[in-house]
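Look at the two complexes coming up: chain A is in both, with chain B in one and chain C in the other.
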Partner chain A sequence: METKAFQKIYTKIIQITKATCSLRASGIGYEELAMINGRLAQVVKIIGEVVTLQVFGGTEGIPTNAEVVFMGKPPVIKVSDDLAGRFFNAFGYPIDGGPEVDGEEREIGGPSVNPVRRKQPSELIATGIAGIDLNNTIVTGQKIPFFADPDQPFNQVMAMVAMRAKADKIILGGMGLTNDDYLFYKSVFENAGALDRIICFVNTTENPPIERLLVPDMALTAAEYFAVDKKQSVLVLLTDMTLYADALSIVSNRMDQIPSKDSMPGSLYSDLAKIYEKAVQFPDGGSITIIAVTTLSGGDITHAIPDNTGYITEGQLFLRKDSDIGKVIIDPFRSLSRLKQLVIGQKTRKDHPQVMNTAIRLYADAAQAKTKLENGFDLTDYDERTLKFGKEYSDKLLAIDVNIDIDTMLDTAWNLFSKYFSKAEVAIRSEFMDQYWKGE
Partner chain B sequence: MKKEGKTTHGKIAGIIANLVTVEVDGPVSQNEICYIKLADIDLMAEVIKVFETKVFVQVFESTRGLKIGQAVEFTNAMLEVTLGPGILSRNYDGLQHDLDRMEGVFLKRGDYTQALDFEKLWDYTPLVNIGDVVIAGDWLGEVIENVMPHKIMVPFKFEGKYTVKKLTPAGQYNVNEVIAILTDSKNNEVNVTMTQTWPVKIPIKTYKNKPRPFKLLETGVRTIDTLNPIVEGGTGFIPGPFGSGKTVLQHALSKQAEADIVIVAACGERANEVVEIFTEFPEIDDPRTGRKLMERTTIIANTSNMPVAAREASVYTAMTLGEYYRSMGLKVLLLADSTSRWAQALREMSNRMEELPGQDAFPMDLPAIISNFYSRAGYVFLNNGHTGSITFIGTVSPAGGNLKEPVTESTKKVARCFYALSQQRADSKRYPAVDPIDSYSKYLEYPELQEYLRKTSAKIGLKKCFLPKITC
Partner chain C sequence: MRGKEASEQINILGDDGVPINYHLSFWRGEVIDFVILQQDAFDDIDKQTSLERQKFLLEKVLEICETDFNFESFDEVNPYFKRIINNLKQMNYSEYKSEKFNQYLSELTTITDERK
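What follows is the complex of A and B.
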């Protein structure tokens, strides 16, 4: 991104805020990139001659006579097969010591897919985690976030899911990752010998927060190259979208926009939707699946970020620590995969939907029994049994350290049913009972 | 509209996201459509505020790369839809561009496809005689669109009385051929084809009168029909937190309700849900016609990642198409999912224009905009004695599931049926999760409906009214 000889250099900045700079300039395109004393910036507002730039690197130390050069184009990424196995920063510069990637230059944040050119998703993604595969099955072309408090091991779970999913490419978009977490992902990918199908765009907490705004678009433009041009199945991991939304609110705040709920910009829904809706299944086999992380504060899903996310994504996976077994589980009540109906019982064993619902119903009974126990009420024999069932179900199926195939999950559930309950209490359709009931 | 002759031109003077300010050289109207002229494409935009020679327009596309000084041409027309046979079974975007006609996987900026098939020949039969006196909205002829009779009407924009001077005989014609020549009171001749245009933000009011609705509309969803029924020409809304089944309930209504025409406006919602309609509706058998449901359905898809200004327009486009079919004496069911996304689009624009905000940063006139929109639904008597109706049901996605937010509250003031979805029922997998206690139908209090129900109950030999909440 060297400056070219004929480019005009502006040296008079008329306004500086913590995230933006304004100057008088002409012939500038909206969303065009610029360099301010070597820092990357993007046009976010033009009023007459006055151009406002959001400075990705922050405006600390920028003087009013800084050299501003406009680059005549919006942010781009060069796409080619050479992207595979590489690590980049938010601007798409390599951070792994390797050479710059050559390829076709594409604008990031491009247009959306025509809805009539999409296909209804129908390919299951097996993760080995029963809390996902059994209860909240995910499919290619789906977009689903983990809702988790910051102390939950969401990065570990996501890395695990990524490694087990049989995707052609895995693209990590890290926003505000701590350096430790970044190194964790890197070592997981290396240890799994999966580096050749990994691409990372990383903004760590060491980098300025506004840079994060580029990460999802970079990751998804690369994903579109592999999914559309190469017809591959691409899994995109975005962590943490809450920090992305925070960066949005910083910029809108500096531009004096009126905040809406929870001091978020009024356009939060559209901003998030533009990212998540890039998830798509194409009829020719290419697909983009998005698994994201939205961190919550104290499990509050009514905050604007998780709330808007929930209205956009196709369900959510809710992580919670189960103190009875001392493990983190995927909460079956608050998690949901909206697309599971497209595969369960069709791509999986026919008894899957019934087994799933029955197990959750019995687990709900266990939760009620637990409330009774805690409040000092007498427990019935049924309550006692549901409690034991709940604990074992949580340990053997809901915990995130489970790694078995879906048939084994179903068999495990059947085993638990017959261990603790009578046929009448389980009440599954007789054709399945005859085939799978393990007891008398 | 405003002027004759000279076209108004302008130049871009400012850009913030999809709000562009334009310096103009002549008169412009509020809500006028203009095109930003780029080298190879034109970008459509709508005037939303005027200050002296500075005009604020919302662009229906991404504004990336626009520059100060670029030319803008005004059209002297508001945002209009094209009305005519061939609207059914189409998948449109929010501005009535045919999505299936667009090329490529991605939606290209400025790719504006025509709404109707101009080549297709329709079996046309005239319904009037030479010498008949007609006014706007009167039926001149008929074609069969899929299985539905589709009336060719005197264009809604015609004012005053006209006399039929010449009629094209029955036969096969395309939509742009002249099917009648009318003369106005000053004996000027005007040609009428099978198509006409109409601005979406203005209601079509060519009916005789709009009584209070009185006829039950069977939706096929038991908890609605038996406890809190909706009526033909009624309005209702479905608020609920995410995951409570709003969209699924609307899909059920669109599949089973006793309507002639179903118009689904997917407004700022998930693309995969729209794909579900695209995939399922052409497969679903329609018990009313014995054909496929898609043959009497039109889908307006403006998913959440499509430009926000077009999202605002999409609900109006859907309503105008509904009014067109209502004028043919048909029962239209109009579903919008979700009206909250539409309200958010209004909020984004209001925010960019730096208007003083109302509650939760929504524009101050949000309640007025919502009530105006809902009031376009209704049961009407046409001038020829036939009846038609638009029953409108919108979903609301309240932030955080809190029903005390502005969109829910404004909607509650105008919509007469309230179908509350409860998280508890959804959690225990009881769908549709309509809470029978919290929900209500104001129509049960209408004496007109009570009378209608008593008569219907008596007709089928019941001693008591079949609805538990009505006493006889």
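What follows is the complex of A and C.
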């Protein structure tokens, strides 16, 4: 972004905070971009003639007589098929050494799709992970986050889901990615030979944190281009939304806004909803599915970020380390995909809902038996069997390293049922019992 | 005593630390939970029940809850009630007064008669 001829240059900054600068200027619009001594900034507040700019790189070293030039437009992205296979930074500039993308210029962060133009989601996304496909089936057009502790392999799981999902385009919005994670995604996409389906907008920990505020809007505007104009099914991966919200709080606190719970801005809900509500299923086949990551601090789901996220998204997938089998599993008790009911038993085998419920009920019995064991009580024969079942269920179905199709998941569950339980203990509708029960 | 209170006592004192009566109370509660309160909204038959059918099943369940079954030891209670629950659930999944429904009903009577 270079300065053009006949642009007004302001040279009198009247106030500087750590992330913002204010100056007197006229004819300026909200969200307009500006350059301050070569650094990108964005208009965040206008009161009369006083314009407040949020400086992405921070204001360190900016003098009061810095040259300020307004670009006359909000952040834009140029959309075309050439986006495929490219890596960009938060401003949409290529970081892969390739040329700039030519195409139609679109403002980022527009409104989400009108509900009357939407279709009820009904196409399931098979991930091969039974904790998702069997217990919490996700569908195209859904918005769902992973809730995970920062030390859990959520990026690995998400990359796995992305590679297995049959999406036309996969758009990665990386916010505060470590360089390792960035290279991990890059190598996964390259090794899978899927680069032509991938578009990445990446803000790493080396970039200024405020820049990451642009990443989701960039990713979703690109997604809208492919979903609306090209009628493609687009999968958007956003990692990590907690770091995005942290950047929001930095900006709002620096702007003297009164912080809300957990020092988050009062607009946190709207800020997050503006992003997640872009998930959509169009009647003509195009769709945007959003899979995000919300990292938790110490598993605390009452924190403002996961709490607000939970009200917006259609469920959550909860990662937990199962110490019994030493693997990370998708916790069936705390995970939920609200849209699974639209596909299970309809797009999948008829016994799916009952098998899913029964397995989780028996797993709950196993959890209870475990407490009993830990409290030093004698276990009954039934307790012993549920414990063994729980362990095997966790290993063969809940673990994230599982990769089988849904029918195999159901057969695996049936095998476990008949291995450890009697028919009366399983108590599934007799029609399915007769058909699938593996015992005598 | 309510089923929930019984279950709390069993958890605190252990299976063998409470009278068999506590286990009975707990499992009576479980029968009501599994058969009446948990309705399968994804099952064509169980998702909607006529008033007549509801009355019939509720009375059946209450009858079971009011029966004094005899048990020698606590570990007989769980499997026995699992059978009752399974049978009642299969009734929930069968058309009211159909051949299957009546078959499960007579099986249920056989089970309940075992320990009266």
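By our rule, the second predicted complex is superposed on the first by the 440 of 440 C-alpha atoms of A that agree within 3 Å, B and C clash if a C-alpha of one lies under 4 Å from a C-alpha of the other, contacts with A are read in each partner's own complex, and residues count from 1 in each chain.
By definition in this document, a contact is a pair of C-beta atoms (placed from the backbone, for glycine too) under 8 Å apart; a residue touches a chain by one contact, two chains touch by 3 or more.
Because the structure is a prediction, the values reported are computed rather than measured.
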Looking at the overlay on chain A, is there a clash between chain B and chain C, or do the two fit? fit
Check the residue A:378 against both partner chains and state whether it touches chain B (first), chain C (second), both, or neither. second
Using the touch definition from the top, say if A:345 reaches chain B (first), chain C (second), both or neither. second
Could you look at A:392 and tell me whether it touches chain B, chain C, both or neither (first, second, both, neither)? neither
Angle at chain A, chain B to chain C, CA centres, as a multiple of 10°? 70
Looking at the overlay, what does A:353 touch: chain B (first), chain C (second), both, or neither? second
Looking only at chain A, is it chain B or chain C that touches more of its residues? B
Which partner does A:324 contact after superposing on A: first (chain B), second (chain C), both, neither? neither
Touched partner set for A:67, first chain B, second chain C, both or neither: neither
After the superposition on A, what does A:424 contact: first (chain B), second (chain C), both or neither? second
State the minimum pairwise Cα distance, in Å, between chain B and chain C in the overlaid complexes. 6
Footprint overlap on chain A, where chain B in one structure and chain C in the other make contact: none
Considering the complex alone, what residue numbers of chain A touch chain B? 26-32, 44-49, 74, 107, 110-121, 141-142, 228, 257-261, 265-267, 269-270, 273-274, 277-280, 282, 301-304, 307-308, 310-312, 314-315, 333, 336, 338-339, 357, 364
Under the definition above, what is the set of chain A residues touching chain C in their complex? 341, 344-345, 353-354, 371-372, 375, 377-378, 380-382, 422-425, 427, 429-431
What does chain B use to touch chain A in their complex? 13-17, 21, 62-69, 91, 99-100, 102, 104-109, 241-243, 268, 270-272, 274-276, 278-279, 301, 303-306, 308, 341, 344-345, 347-348, 351-352, 354, 357, 360-362, 397, 399-402, 427-429
Going by the contact rule at the top, pick out the chain C residues touching chain A in the complex. 11, 14-16, 34, 40, 42-43, 75, 78-79, 82-83, 85-87, 89-90, 93, 100
